[in-house]
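Next come two complexes, and both contain subunit A; in the first it sits with subunit B, in the second with subunit C.
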Partner chain A sequence: MRGLKKGSLSQQRDKIESIVYPVLFGVLIMILWQTGVLHKMLNTDDYILPYPDKIVGIISDNSDMIMVNVWASVEVALCGLFLGSLIGYIIAIAATSFPTYGTGGLTIVSAFNAVPIVALAPVIINWTKDVSSVAEERSMVAKILVVTVTSMASMSVNAYRGLTELPPFSDDLMKTYAAGRLTEFVKLRLPNSVPYIFTALRVSVPGSVIGALVSEYFAEYIVGVGRQIRENILIAQYATAWAYIIVACMIGIMLYAMLMIAEAVFLRKRR
Partner chain B sequence: MLLWIILLIVLWEIFASVVTQTKRTPENVMPHLSGVIDSIFSDKRINGSQTAFEMIIENAGATLSRAGIGYLIGIALGFVLALLMSLSGVIEKIAFPYLMLIQLIPILGMAPIINAITGDIAVSRIVIAAILTFYPVATNTIAGFKAVEPAKHELMYSYAASKFQIYTKTMIPFCIPYLFTGLKISAPMAITASILVDTLQGGIGLGCLLSQSLKGAMTRYVFWDIVFFSAFIGILSFYLMSVIENLLCRYKRAGGSGKKG
Partner chain C sequence: MPDTRNNDAEILLDDVGMVYTASDGRNVQALTSVSMNIQKGEFISLLGPSGCGKTTLLRIIADLIKPTSGRVLIGGETPGQARLKRKYGMVFQSAVLYDWRTVIKNIELPLEIIGVTKEERCKRAAKMLDLVGLSEFERHYPRQLSGGMQQRVGIARALTLQPEILLMDEPFSALDEFTREKLHIDLLKIWRKTNKTIIFVTHNISESVFLSDRVCVLSPHPGRLSAVIDIDLPRPRTMELKDTAEFTALVSKVRNSFEGV
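Let's look at the complex of A and B:
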């Protein structure tokens, strides 16, 4: 920003404005919050909505404790995301190979997406009671499965589009090369689906964090950022609960930023 | 698709049979579907005065009406914000990064604190459903406004159309399909949010009934009834939006060509 001179192109001014305005807005909100104006607007007090400096203080004081819960949640979100995306992709491949039955299966999978997580989480926790005798382990498995189911749909629907919406005549070209179905799949369909995989992940990465937090509410073993928000509110430790909320937001933002970086790396190689 | 539904039912029944053989309380893990359906229509009183069916309908009314109010508020706010963003460059620049950020924030994780701030479970259900509806509607509507072809703007300009006319005649009709994309995403989310908030506190609501049944305050079949009911409502809300979209868009197309002819 410093390198820009006066009278630069309007495009550059546009760019600066689109950074400065939101930052100013954010600063304004923080000032309103710290000075207590926000409390008056929301009709609440500094006990339920503590000042930002207090929340930051709690995060830095309890960083060890918070990190344990962060890892528990991140592990659930990432394992579930990986499993769900893998299964979703396999479903998409199956639907591409056997279109007569496969597309119906896709409809069913996307219908699963509309099933509320709140209904799903207790059911899956019920089913995984026998997985392990340790409460920590079986809660983990249950939570991962919840995230798996929630991230399956977006991957299968998007990957199916990536595997079937090919550039015009490209499959005809493959046929003139006398390519088998496997060659056609590896050389044409698989690379074609990569951008669609990222489209799916843009939806399912934030979704997996939400899935992890909500499934923690119902899990037996008390661990994770989502559960800590709830437990701390139950014992009226609102400031600690806010610290975990801020941490939860950071997790969502960090994972998405990592996805953006991965996307930039992978999609640049292709071009 | 019918084949898949039948396959799913068969699979469920096979597992349910296995569970019945091996568990002492099969209805806690995986009951037969017939048992679930029976429990919905049986006239056995569960809490002294109501049958399972009456109880679920009453609680669903409380949950869904608030999800519905929140949904409508969220649609209105999201649409107005998108409109403001498209009218004013400054508002767009301020709001756009925050619209992106709010998608990454697990709002459902914030449910308990919103409940604490509002102090009233009914209000917090509405608030959370509204927030969850608001941003998919806003982002998709703004995408719709941006997708209007320049040629359409040029045509309206050549007609000397006012800003109001440009919006009512081209921009808003054009963004309707985009708006519905947002509505389809957020309808099941609003319902999920409302049920989740129920589980946080006692009182009336599907989520409340769900956690009571899980804790063993009443027969476990109530839990299964609610699970199937909310799954059904979630899927139904999605398809309902598709049906409304088809109805609206067919009308738009017919109306548009009629005027031109």
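Let's look at the complex of A and C:
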């Protein structure tokens, strides 16, 4: 049809190559690992770094117990991600509405983000020690709060950009229609910020998984993939620890893949 | 000096001046003492090189900025009152389509803002799209259209609320010559059908002569109105007009009226 732009063939080829090459590299690593070449390269043995088939065996033999830990970690990551992103977005709206205090407020939120989880987790666990008499519940609240704090900054900073960096003249257009601030917000700023929300999530989704795993280290109640990695290394059960490490990677990859799908659906009209 | 007491004027500019304070604290005189009358239904060009204040003047009329001196009246009202009554349609240097909305939804935007029902919105937007000859593209997204088509959607959107005045800020400057010439003819047709008052900002001399009833020549340093030239060429104007001696003579006359460029 007249005036239509089509995605070129070379773009599609680039897209395929960007998937195929990393997969081939992964397969190569697996072969080196299973054949023991990797152990020689890293100067280690198959006790500290078990073979892939052994790790896969452990995962399939203990799938019920692993899934309990997976759900515990995923719940922490997603609840924290949701709360942190929500609060981050509200902070961005506040910063947009009150520009005088806005940029200062965002700087403080970003400063929070620079505090390492390792330092943050014990402080938050101390705050939450009275929220419930059940150790499992108060641990859950503490872990979710850690992830909340760590997810907040990327959302508030990116959403603020999405709410304020408008295409040239788009705000003038609203003004010529005598649109009020609320109308301008709903019809222009909010939709303009949607791609920026995904930019924030690209950072905070992997961040929330890491936050969940690390906060488990310090939690009172022993559950979660991160905690299992730690517990198994402590008792020198390296094969089981590696099984949980692989599972942790899978969680990260799965959540990121889901984000990519959501992004493709929500932004398909814009690309 | 034009008669600023003329009550028939749709747009009246009386000694309008604009002083910016630059970032280093110095005052920059963007416009000094611009006075003119624009009649209802007139096609006026504001022509000048960059830095002459032509866009500033347009934005003052549109109430996007306030002049630091002088007076502007739009049908006897202030630009602010005229804006709140939605007397203006504005077309910008780029089409300024919202990329998350389809073509038809972009045109419906102003109707949504004033609270028109969905059914009525669809009907009116479709009519506007027909006016610019893009009916078959209503479900497309802006990125799927060429630059010229996008700008036609921008024009359709500017006309949706049936404003009395159409303000156009270098609307065709980013387009290629072929597309631009086609849009000139289209714009003149739309103007004849809708009978709007059009103020058209441009830095293209032949474009301003071809389209306008009057060309207001602005010169820079400081921005000022240096000449107003009547273009008494017959209408409707066609592409052949550009080959006539009268057209060429007017282009030269406009070009020679610039000061200090």
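Throughout what follows, the second predicted complex is superposed on the first by the 244 of 271 C-alpha atoms of A that agree within 3 Å, B and C clash if a C-alpha of one lies under 4 Å from a C-alpha of the other, contacts with A are read in each partner's own complex, and residues count from 1 in each chain.
In this section, contacts are C-beta pairs under 8 Å (C-beta built on N, C-alpha and C of every residue); 3 or more make two chains touch, one makes a residue touch a chain.
All figures in this text were calculated on a predicted structure; none of them were measured in a lab.
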Partner chain in contact with A:C249 - subunit B first, subunit C second, else both or neither: first
Partner chain in contact with A:P167 - subunit B first, subunit C second, else both or neither: second
Contacts of A:Y217 with subunit B and subunit C, given as first, second, both or neither: first
Contact breadth on subunit A, by residue count: subunit C or subunit B: B
Contacts of A:F25 with subunit B and subunit C, given as first, second, both or neither: first
Touching partner for A:L188 - first (subunit B), second (subunit C), both, neither: second
Partner chain in contact with A:A239 - subunit B first, subunit C second, else both or neither: neither
Partner chain in contact with A:A179 - subunit B first, subunit C second, else both or neither: second
Residues of subunit A touching subunit B in the complex: 17-18, 21-22, 24-25, 42, 44, 48-49, 101, 104-105, 107-108, 111, 113-119, 122-123, 126-127, 129, 206, 209-210, 213-214, 217, 225-226, 229-230, 233, 238, 241-242, 245, 248-249, 252-253, 255-256
Touching residues (chain side subunit C, partner subunit A) in the complex: 62-64, 83-86, 88-90, 92-94, 96, 98-100, 109-110, 112-114, 137, 140-141, 143-146, 149, 161
Touching residues on subunit B, where the partner in the complex is subunit A: 1-5, 8, 28-30, 90, 93-98, 101, 103-110, 112-113, 115-117, 188, 191-192, 195-196, 199-200, 207, 210, 214, 223, 226-227, 230-231, 234-235, 237-238
Subunit A residues within the subunit C interface of the complex: 3-5, 167-170, 172-179, 183, 187-188, 191, 194, 269-271
